[in-house]
Each structure stands twice: as structure tokens, then as C-alpha cells.
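One structure follows; several queries about it will come next.
A, B, C and D label the chains in the order they appear, each numbered from 1.
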Amino acid sequence: SQAAKVKACMVLDTGGIDDHSFNAGSWAGMQSATSIADVQYLPSTSSADFQPNIKKFIDLKCQLIVGVGFSISSAIVAAGKANPGVKFAVVDDSAMDCNADYSVCNAVANVKGLTFGTDQAAFQAGYLAAGYSKSGIVATYGGAPYPTVTIFMDGFAKGVAYYNSAKHKSVKVLGWDPKNPSSGTFVGDFANMNKAGQISSNFEQQGADVIMPVAGGLEAATLSQSLKSGKSVVVGVDTDAVASYPQYSSVILTTVQKGLGAAIKSVIFDVALNRFNNKAYVGTLSNNGVSIAPLHDFASKVSSRLQLDTKIVGSGVRSGKISLSN
Amino acid sequence: MKKFYNRIAETALLPFLSVIMAFVISGLLIVFSDAAVLKVIGSPGKFIKVASSTFMNAYIALFQGAFFDPHLTQGHTLLQGFYPLSETIVTATPLILAGLSVSLAFQSGLFNIGAQGQFIFGAIGASYVGFHYTFSPVVHVTLALLAGIVLASLWGGFVGLLKARTGAHEVIVTIMMNYIAGFFILWILKTKSFLRPRRIDPLAPNIKPSAELPHLLGSTMRLHAGILIALLAAVFVWWLLNKTTIGFQFRAVGANASAAKTAGISVGVTTMLTMTIAGALAGLGGAVHVLGNQYALTSDIAGSFGFDAITVALLGRAKPRGTVMAALLFGALRTGGRTMEANTSTPLDIVLVIQALIVLFIASPALVRFIFRIKNLQSQGTLASKGWNG
Amino acid sequence: MSLELRGVTKTFGSLVANDNINLKVDDGEIHAILGENGAGKSTLMNIVYGLVQPDSGEFLVDGNPVTIHQPADALAVGIGMVHQHFMLIPVFSVLENIILGHEQSTKIGSLESSAAREKILKLASEFGFHIDPDAIVENLSVGVQQRVEILKALMYDAKILILDEPTAVLTPQETDEFIEIMKKLRASGTAIIFISHKLREVKAVADKITVIRQGKVVAIADPKSTQEELASLMVGRPVNLTEKKTIHHDNAVVVKVSELNIADEVGRPLVSNINFEIHKGEILAIAGVQGNGQTELANAMVNLHKNVHGSILLDGQEIVGLSVNKSLHSGIAYVPESRELDGLIGKFSIAENLILDTHHEQPFAKGIFMSNKAVEEEAQKKVVEFDIRTQSIDAPVSSLSGGNKQKVVLARELSRPVRLVVACQPTRGLDVGAIEFVHKRILEEREAGRAVLLFSTELDEVMTLADRIAVMYKGEILSIVDASATREQIGLLMAGVKS
Amino acid sequence: MKKMSVARKRTLRFLIILGALNLLALAKFGFGNHSTLSTTYGLVLGHEWIILHSVVVKSSTGSTFFALLGLLGCGLGFLFFKLNKTSLAGISIASISILFSFICWAATGKFIPLTGLLQGGLMLAVPLIFGSMSGLLCERSGVINIAIEGQLLAGAFASAVVASVTHKTMLGLIIAPIAGAAVSVLLATFAIKFGVDQVILGFVLNVLVYGLTDFLYKRLLIPYQSTWNQAPSFSQISIPILGKIPIIGPIFFDQTIIVYLMYAIVAAISYGLFRTKWGLRTRSVGEHPEAADSVGIDVNKLRFRNVVIAGLVAGLGGAYFTIGSVGSFGKEMTAGSGFIALAALIFGKWTPKGAILAALLFGFADNLQGTLSIIGVSVPSEFMLMVPYIATIIAVSGLIGRVRAPAADGVFYSRGESH
């Protein structure tokens, strides 16, 4: 029989377990490791819950405590320093321990930061979307203007721009302009389906035929709108939308995947096999930490030329030939 | 002496029975939504066993998580067992302050749904002074608290001004202002002055250590001086309402605005002042929350404190002492709910149900009287709000 | 139809409002019920009408027992009632008010009211009313509203009609007309129970008088008894119905009101072109039927009303535009029309109510700190001085009886330095004893050289106290007459007839 | 001038502000607009008959035109004001003109789908209209309803669960009103039978429904999503002929069954409240319960019934969130609509027409905000998101001021205990 299982615990961000985004994705990673780990999570209703939730898990003798979201990072770092015997990881933050004026930041021995260059995959998706669009207009919107949200929108818009310069086209992006990052189209929260559906419909009226919602569960509203109107297709985010919403597979072009699950699973394995390290993990196209999902239903609808080009763009980003920084 | 106990028993009976009923009903909900219980629902013997253990485990965990957990004493001092109690108080602290805000407004005949927004502005003010400036500890804390109070009282006072000048109903205005405050903090956290150096996450820098509220029981417990501030604020509200001319005017306008006006009290000024002080109290809640244990401002800093505060004030019948007690109860439920969820995977959202039921039962002594067939059940006089025409 | 009540008892807590009352009203009889305030008249009638449940007692209609649990039961056996407090919905039209509860619908479910409209017009002309069925009730004068109430009761062929103080808001002329209507109804076989404080009316119309005191029937009196006899039956002791007054002549003008206009929120005029003066030691009474702008004028005197233009000079100083607080402190004592709504804070203690106006001043407060001791001392003093009957100065004011509530208001308002007393309906709803007290206080203020502006709808009160009488009609002062004017003269003015 | 009432002053002040704004618009958006680009207004949305595909106006010309029209509106308003008549028409023209003058400027070189903008406004207003109708029914009967949010949420939850389990949207549509009514039964029982303060009660019921749905959602809907929370949803039905009318058709007659039901309910309530026996009685118990009682109306029974009906209406509105659009339920997905609906009711002064207009105004502001952010107005998105809420505050404090609810709204009635 096997050795005793690792006890791995996760403190969620305020979005909750059903956010169809980083909480859900991270938790899926935890669950995929149940062969070697006992897993458990606690939700947070606000940032005030972070510290007590972490403390609870320390009391419950968790060996690995994973925190989701950048805002839990400092609480995890503090807990890490106070509890050297416990391993910690943070999703979406590099989890550095900084001095008072944030001029010097160091990693903590038992804390691992997991971050994701989602803009790389979104870039690829933007390229694909621009190539797929027949109207020459694509769109993206967010739930609320958080950096973890806008990074998707940014990559997407840059991917479109790259397509334009490469193919001498002028595909437009609605909802986000990398040059003017203070404005953009947002629902205002991650709960208002009605508004999200309406925003999608507004995009369609402006002629957009590819829409990327970066709004957790509100994705469903856009999928539903697309399916009903038949005027657009959707680029999902985080986890393969075809898996989460099989009923909408006919309008899911692809998904900008964030490999949360795999990253977390590997941290759990590291702890189980006693090879945990605090080296920051950055998910990129190169290490498959971020990627675009298979085209599923659209494999036959997207020209093989575009499919190939998209792959080439991916390798360009991977190798650094294509830079996203401007 | 005997009389004294009798009186306590009489006045405590209604709240006690209400709490019991709320727990029983929520317990049934916990039991009948549990997969393990539903599986054995066919065989009565097993069912009773599984159901009762589900019920008991949930509530034992709730209690342990809120007051005293013997597991925590293993290898530590007995005091560590009371860690949950410290957490309960920490959670209750901002609730007390925000609850006082709603209570004070209630006493003056206003329904302040805006504690949420006021809380946010208090947090913003305290955070900014806390991370941006450097002072000696006592001065720094004081200034940070003051900054929060001032911002929030302006935000709250604006509602009073609108009501006094234009008659706009405070319920609508405060609901709208909460949304606006929510978007405002989102925006301000992305401005240069609030971003951490070289970061883009909407997360303000930690406040300087000199602005932190001191811990009361050493570093292992999070109990901080905020509770003293909250209790002081409760005493202040009591004093203000009962011992000062301002409080006299508040209560007069709250009890009968038209008579107050006839006797020469300016209802408009009173309304503005009430909302200003109410704003200050909720803002102090936000400030204490930041300086006490959050240290960094986040966009969800207010959580649901501003809304819970309303339930707290209703349960506390808008009296300072009642508000403190109600906030402690809610703090206990929230804190205990965490352990309940961690130990028994009962979603802690059940706490909301318990809270709602308690308030509901306390507000309707007639029902409790009817259920328990108690004729002379004492009720402390239920709270009455003013309708739209008030 | 005849109605008999047997052994009706009703208690409110420890208060026995009706104590084993027996009453018999015969076919075609006008049966008056007389009793001072709080005697239990309305309670008894509300019981008959099913609005209040008795503790015990039974009803017989034409000798047969009936059960009445709710108004619908009373209506079913043919009992109609005109309530002391209007049971009209202000925002409804006359027609809507009258058909409410008896609606007819068309096949598609909409209201069918043409039959009702016809019947209203027919009934109205029968009794000589002028009523527009589509007028909104809140825009009607109270006299007309009273007619709507009566029409409501007549519409559905009440055989027994209960009239609870129907004449309280009518002018003397309207009252006379009303008495004629009652007689007509009697002639058509309707039994009427008529409640009133006004002894003249009762004597004029009643066939039989039942006197109730403290919930008990104390006498069945003959309408031929004198007013004094009836009054002492009501009160239980001999009463002196007229006050003595000594005429003062002092020329100094205390208040001079000129060209005063008051408008409502949307700018419609409520009160126009008011001019009058009050001298030292003079009582000017403003008479008139309720709702002719008296409330607004009274409010304007202390700047409780917003849209006021014109001038009010108090000892030569303009007070229009001051705050309420400043107005009060410039030397005006203000007794509002409704002591429950505007005069007192029911939840507050007697002591607190006594300092509502001065709570922020020495000795009750230093800065913002209030001194409980000073507040209590003041209360102790005032309770004695004004004979406020209470167990404790800390008792909530709502626990006091009406008369004692009014004493609290008076005690507070007269505790400041006063040059002008504005008293609005100061004895409304009070019993004879309390009325005596209030009148005495008002006359004392006059003796002390203060100007008094008295608003009253009670003609008797006005005639008794005033040195001069101004009659208001539709927002204007029609005329200012001497105290020697006759009831008839004033009555005509109240009805808007300028001689 | 001197003898002006508060309300008239407010009107005048409003006219002056509007005039100034229109002048500003004329200067900034009209003459100050040197762009040579045009703004395109799209008029076609779906499959309606096409008369005019779109209207193209030169941005500066459009802005100038609308600003001038707005000034005309102000003038008209002032004229009526002087004549002591209502200036509402003038004010409306002036307000709408400012808006369009702004849009012409902001959307320079862009496309504004006018029909879609209006249709979207309606769609966002649908739950608000349902909610405010629920509030209307309760408050006209004298029971304050703060629990609209809870009623909507209960309806949304129940319809999603039932439609998921049975795979039948129709069953979801039937259960939603029942769930809303269940909340109402609590409201009615505690308010009418036990005399609990209605503001407190409504608030607490919202907390209760939030708690219950959150709890059950986590306990059942998330773990067993495929059975419990994967509901089918209704699709739009275009009404023959009506749906083809340009502009009007796609806005009003290409909707789901829930929206059509809403039209029916709104019509029934507007008619019923003012034209039927039920309506007369309902209004009477909301204004003066003693009077209603004295003519034999069972006040509390009628109140109880109306509160339950109100629950049915709001519950149905809740279904719009789930089976009316995406199918599945999301935690706290009503996102405060119940409170906005309440505000609309008060803003609309407790009349069906007013409440609907207020709801539409909010919906429109919300959608305009979305549309402007899409075409790229360089205002921080957070401030754009505030627009509908700020608009509500301005409207409530600038336009309507003190409100007058039904006289007995929130007042417990028990025979013989009052007065």
C-alpha cells in the first residue's frame, strides 16, 4: 500500500469555488492530485478571511497550503515565514517577501509563486481570432478591471495587431485598447449575467464576430448570446470552455488556457516526493503553462493555413522572436 | 438579587429562544441537504444516527471555531485554546463600528444602507495616511484613523445634505453611493499613488508599522486594539445620544420629526449631522480594519461588513449595547462557520440563514410567544423604522 | 327598524371604556348620546358597527339577536355609520369613495359606476347638497367631506344610522341644514343615533338623550332639560359654562401682520393678503371652518411654513424668514394644533418634552453637555405649576391623558419670555375640566399683557375668550369683528358670506 | 419672481442648468468639434423590414443640431413655465438633446446601433420592471417591500433547478413565480399577522434568501452541476408582422416568452389598479385601511393576497435571469437588481407608468454606458460604470425630491387598535 497521503489545502480568493476561473481551475488541480493527496478548500468572503483561513489550515496540519490570487500573497508570505515547516504556494503572484518600500524582494524558502503569462496564449488567440473574423471586428470584455483580467485582453489585442501588421489587414478590436488601458469594456462585477449578455449583443451589433469574455462565469452569458444570435463565436479563458460548457461547443472557437491545474498538481507532487522548491513558476507557452485549447468543432472550420500560422505565431512568441512588450 | 436574575431571565428569554429556533431550523437544512444523510433516508435507524451526528458535528465545530478549541491547547498554553475567541472579536470589531453607524442613523430616523460605502472611504483614508507618511506610532495611528473618519464622514454627510436640501430619500441615495464607492476604490487602487512600486495589482502598499494598531495578546493572537476603539465608540454613541444636546436632537427628530421641528430643532441640520457622524463611525470601522490586521488596501476591503452591519443594528435594536452584542454574535457565527466548513464541509453560507432567522424571530415576539405558548414573554420593544414618508 | 344593546362591556387594559351599557333605539327616533371626551361614546358605536370587539354584550335588531363581528355584518343588517374621524380616502374621488365596498363590475371586469353616479346626484339633490362626484376628496372643504360621509351612509339604505359627532366641522348654518336632514331621515323611518358635545344641537333634534360618563349610562335625559342640567350630568358636577372676562384697553401694538401670503409646494396660494394687529393684553381669535388656511397661517407665525411672503412685525422687528428656533425665542409661545403630532414626542419623557425647545440652553446644557439634574428640576417645578397629573416625570408623555398632554405643551411654551401666544385649537378633544384650565391660562397671559392669537373652530370658545374675532374663509380674512358680534353674524362669515 | 414655490424654483433651476449644459454642448461638441468624421446611427437590428439602414451625420453638424434643439426645448420649457403649465416636454427634449449632442461628439467616426441601444436598454430593464411591479403591488396595498431582491433571486434559483432537473423550461417558468410567492408568504405573514416592521423584515428576508441560495448552491448545484444546474433556456420568438416593424419590431416584438409575459403583467396591473374593483380596493387599503375596513373590506386578507401576487410577479422576473437567458444559476446573480427596482418604484412615485419609465431610464443609462465603452470613450472604465448610479442620484435629488408614498404604506393594520 501507499504511504500516507499529503494533506494539501487551498484558500480561495473571494470569487468562490464556482467562479469558472482561477478558483475553480486551481481547485480542479487540487482534485486531480487526490491519488496522492487529501485535499480541502476554504472560501473567502473578503480579504479579511485570508489570514484566518490560512491559520485554520495550519491548525489542521496541512502540509501544503495554496492561496489563490495576488491579494492573498502577503498573507501567505507572512504565514510562510512564521511556519517554516509548512509548504506554501500562491496562484497568480510571485509571492516575494519585500521590504518596507518594496525596493528589495526575496523569495521565501517554503513559499512558491505561480504566475502565468496568459497574454502569450491570448496573443495567439487574438491572432487566430483576427484571422477567423469575417467582419474584421473582434471584441473582448472583462468582469472588472483587474490586472489578471486585463492581461488576457491585452494579449488578445496585441495578437490582433500582430495579425494586422503581418497580413496588412485592419482587424479592429472592441472593448480594449492596449494604448489606453484605463478604459475598456467591463461588466462591473462577475455576477451580472444580464449585463454580460447585453454587452455581447452590443459587440455583435458593432459587427464583432469573435468575442473573448474574461469574466469567469459570465462567459456563459456570452456563449448563450452567441448560440442564439448565430452572429459570433467565443474565445473562452482559463479552462477549456468546451469541457465546461459542452452544450455551447458549436460556438467555442478556442480557449486561452491557463495551466493552473497542472501547475498546482505538480507542486503537490513535489511536496509528496519531498522535492518542493521555492523557485518561482512562470507558466508560458514554452512550458505549456499557458496555451490555446484545441479547436474542437472548429478544427474543420478554420482554414489549415490559419491554423498553421497560429502555431507559427506561438513558436515565435515562445522563442522570443515576437515580443509582447510593446 | 433574585429579582435581578429574574429580570435578566425575562429579558434574555426572547433572544435565547430566537437563537435556539434559528439553530434548529438551520440544522434541519444542514441535515436534509447532506448527501450522506440523503443516502440513508430510507432506513430510519441509520437515518437518525447519521442525521444526528451531522447535526451535532456541524454545531460543535461552529462552537469550537468561535470560542474555544481544545485541539489548539495541545502543546501550547491553555490561552491558545481561546484563539477562536480572539478571532471572533477581531471579526466583530469592524462590525461593531459599522453597526453603530447604522444604529445611530436609525435613532435619528434614517435608514443608512450606506455603511458599505462609508466603510470603503474610511479604509482608503487610513490606508493612504498609513503607507504614505511616517510619524511616531501614536501620532501615526491617530492621523490615519482621523483621515479615514474625515473621508467617510464627508461621504456620509453628502447623503444627509442631499436629503436635507432636496428631500432625496436616503435609502435610494445610499444604495447608489455604495455602488459608486465600490467602483471608486477599484479605480483609486490603480492610480500611481496607491499602487505598490513596480506592481500593477490593485493592492496598496502595506501601512507602515508605526500605523499598525498594537496587538493586545501578543503576536500569536490577532486581537488588536481596534476592539477597544470599537467599545469606546459604543460608549461614545451612548453618551452622544443620551447625554448631549446633539443626541437629544437626533432622538427627537428620530422619534417625531414634526414635533422636533415645531419646537425649533432644525431637522435638516440634524439629518446632515447624523449622516456625517454615521459616516464617521462606519469609516472608523474601515480604518480600524485596515490598521488592525489587513494592513493593505484591497478592492474588496469592505467585504460584506457594511451590509452585515445593517443586520447587526437591527438585531441590536439600534442600541449601542445591543449592537455590540449582536456584532459579537455575528463575529462568532462567521468565525465558527469557517471551522464548520473546514471540519464538516458544511458551507458557511448557512451562517447567513442563521443570522436572518435570529433577527426575524426577535422582531416578532408574537410568533415566539405563539410557538412556545409563553404568555408574558418580554420583548425589549421592537425597532420601528420610518417608511418612505418619514 | 329598532336596535337594542344589552350589557355591552369593553375594556382597554385596565381602562373600562364601556361598562355594561344598555341602550334602545326605536324606529324613526333620533337618539342622542351625550358624554364628555373619553366617556366611551365612540367605542360603543364602533362596537355596534363591528370595528371594535366587545368583551361581552349582545345586539338585537327588531328584537332578533344578531352577531356583528365586522363592519360587513353591520352593513348587512342595515346599520350605517358616519365616523368621528373621516373614513374617506383623500386621494380618491367622491364617487370612488362612495362605491368603495359596493362596487359593480362590467363583464370584462372594469368598474361600472354610472348607476352609482346617478344615485349620488339624486340623493344629493334630495337633500339639497351640491356635490361633484368626480372631485377629489382632499380638495374639498371639510364641510363638503362631511356630506360625502353622510351620502356614503345613505347610499345603501341604512335603516339605522349612527352619526358620531357629524357637526364638529360644520358652520352654524351648515349645522342647521344638517339638523333638517336628520329630521327628514327620521320622517322616512330611519333610526338615528346622534353623538355630539354640543348641547344646543342635541336639544334641538333629539327625541331621547342617553348620557354616558366614564363608560356607564348615568342618565336618560329629556331633551327639554336645560343646557346646564345636561352639562352637569355629563361631567358629574355642576359646571359654569361661561368664563368671566375683563376688557383691557391698551394701545401698544405687539404684532403687526401685513400683506402675508402663503403658497404650497407647487405655488398655489393657500393664504392671501392677511393683515391684522394685536395689541398688548388682547386676544384676537381666528375663527373659521377647519381647512380655510388657519393651520398655514399659524405655522407661518413661527416660520414653520416655507413659502411665506409678507411681513410679521413683533414689537417692530421682522420675523418672517427667521428659523423656527429664532422665532420661538424672539418671544412667541406656540401651541400647535395637534399635540400628538406636532406638540410632543410621545416616546420621550415628560421631562424631556418640557425642554424640547430649550434643551441646548443654560441651565439644561453647558456646551453640548446636558445636565440631567437641571432638566429634572425644571420638570418637577412645571409638573407642580401646571398641575400635570403623572406618576413620574420620567414617564413617556404618550402615557398621559389628553388634558395632561396639553398641559405639558403649555408648560413648555410658556416657560420662555413671551410677548405673543399663538394657540391653535388649544382645547380640542379635552374635557370640561381641562378646558377650564386652558382657558384660565390663556386669560392669565392676557392679563399679563401678552398678545394672544387664538385659532379655534369652536365658536363657543371664540365667543368666550376673544376681544376681537377675525373670520377666515378660503385663505383670506373676510372680516374682523368685535366680540359683541352675534353667532349668526360670525356663522355667515364662516360660510363665506360677507355682509 | 419673488413669490416662487420650492417646486417651481426647482423646475426653473433645472431649466437653467439644462440651458447652460446645452450651450456648453453647442460650444464644445458643436462648434468646438473640428472633426470631419461622421457618426453613423444604425437602425436595423434583425430581420425587420428595412426602410432606412442607417443615418450618417457629420459629427459636428449633429452635435450642433441637437444642442440647438436642446436650447429650443429649454425655451419651450421656459415658455410653459411662464404660462404656469408643466415644462416636462421641454425638459425632456432638452435632456435627450444633450445626450445625443454628446453621443454625436463621442462617437465621432463610430457606429451607434440605435435600435440595439434601445433594445438593450429594455433587456436590462426587464428584471427591474418585474421587480418594481412587485413593489408596486405590495406598496399600493400598504406593505413595504424591500424583499424584491430576495423574490427575484428565489425565482431565479428555483427556475434554474427545476428546469435542470426536468429539462423543461416550462416547468421552470411555473416554479419561479411560486418561489417568489414563497418569499412573499413570509413577508405577508410576518408583516400582516405579526406586525413586524416591514423595512426590517424585507431586509432580513433578502439576507435569508441570499443565505439559502448560497448554501444550496454550494451544497447541491456546484457538486452535481449536470443534474441540478444545467437548465435549458427560452429563445426569442419573433411575433409575425409586429416583429417586422422597423425599430419597434426588434425592440419589443422579438423577445422571449418572459418578456411577453411582462407586457401582459404590466398591462394587467396598470389597468387593474385603476379600472377595476380589485384595484380600487387595493388602493384603498394602501391609503386608509380604516376606511376600507369600515365599508366591509377585509383589509388584511386583501393585503395578504396582493403581497403573494407581488411575489408571483417578482419570481417570474427572477426566471429571466436563468431560463430567460443563460439557463444556469449563478451565485447572487440578481446582483442588486431588486434594490434598483425599488429605487425605480420610488422614483416613479408608486405609479406603474413612472416605475416603468424609471426602470427603462436606468436600463438605458446602463446600456449606453456599455455601448460608449465599446466604441471607446476615454473615461476610466470605473467612472463609466458609475454612470447609471450617478444618474439615479441626480434624478432622485434633482427632479423629484420629496416623495409621497401611499399614506398607509408600511403601517400595520389591526382593527380597533389604531387612531
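Assume a residue touches a chain if its C-beta (ideal position, glycine included) is under 8 Å from a C-beta of that chain, and two chains touch if they have at least 3 such contacts.
Keep in mind it's a predicted model, so treat the numbers as computed, not measured.
**Student:** Applying the touch definition from the top, give me the chains sitting in contact with each of chain B and chain D.
**Tutor:** The common neighbours are A, C.
**Student:** Report which interface contains more C-beta contacts, comparing A-D against A-B.
**Tutor:** Of A-D and A-B, more C-beta pairs in contact link A-D.
**Student:** Of all chains present, which has the mean Cα position farthest from that of chain A?
**Tutor:** C
**Student:** Centre to centre, by mean C-alpha position, how many angstrom separate chain A and chain B?
**Tutor:** 34
**Student:** What is the distance in Å between the mean C-alpha positions of chain C and chain D?
**Tutor:** Inter-chain centre distance comes to 44 Å.
**Student:** Taking each chain's centre as the mean of its CA atoms, how far is chain B from chain C in angstrom?
**Tutor:** Chain centroid spacing, chain B to chain C, equals 48 Å.
**Student:** Specify, in ascending order, the residues of chain D that touch 2 or more different other chains.
**Tutor:** 217-218, 380, 382, 385, 407
**Student:** Could you check chain B for residues that touch two or more other chains and list them?
**Tutor:** If we look for residues of chain B contacting two or more partner chains, we find 183, 186.
**Student:** Which residues belonging to chain C are in contact with no fewer than two other chains?
**Tutor:** Counting only residues that touch two or more other chains, chain C contributes none.
**Student:** Please list each pair of chains that are touching.
**Tutor:** All touching pairs, sorted by chain label, are A-B, A-D, B-C, B-D, C-D.
**Student:** Name, in rising order, each residue of chain A that touches chain D in their complex.
**Tutor:** The contact residues of chain A facing chain D are 16-18, 139, 145, 174-175, 177, 180, 182-186, 188-189, 191-195, 197-199, 201-203, 205-207, 217, 220-221, 223-224, 228, 247.
**Student:** Any idea which chain D residues touch chain A in the complex?
**Tutor:** For this pair, the touching residues of chain D are 42, 45, 111, 113, 116-117, 120, 123-124, 126-127, 217-218, 222, 230, 233, 235-236, 320-321, 325-328, 330-333, 335, 337, 366-367, 370-371, 373-382, 384-385.
**Student:** Going by the contact rule set out above, which residues of chain C touch chain D in the complex?
**Tutor:** Touching chain D: residues 46, 49, 51-53, 70-72, 75, 81, 83, 85-92, 96-97, 99-103, 105, 109-111, 152, 261, 263-267, 306-307, 309 of chain C.
**Student:** If you look only at chain B, which of its residues touch chain C in the complex?
**Tutor:** Checking each residue of chain B against chain C gives 243-246, 248-249, 251-252, 255-256, 258-266.
**Student:** Which residues of chain B touch chain A in their complex?
**Tutor:** 69, 71-72, 83, 87, 91, 94, 183, 186, 190, 196-203, 205-206, 208-209, 222, 289, 293-296, 298-305, 335, 338-339, 341-342, 348
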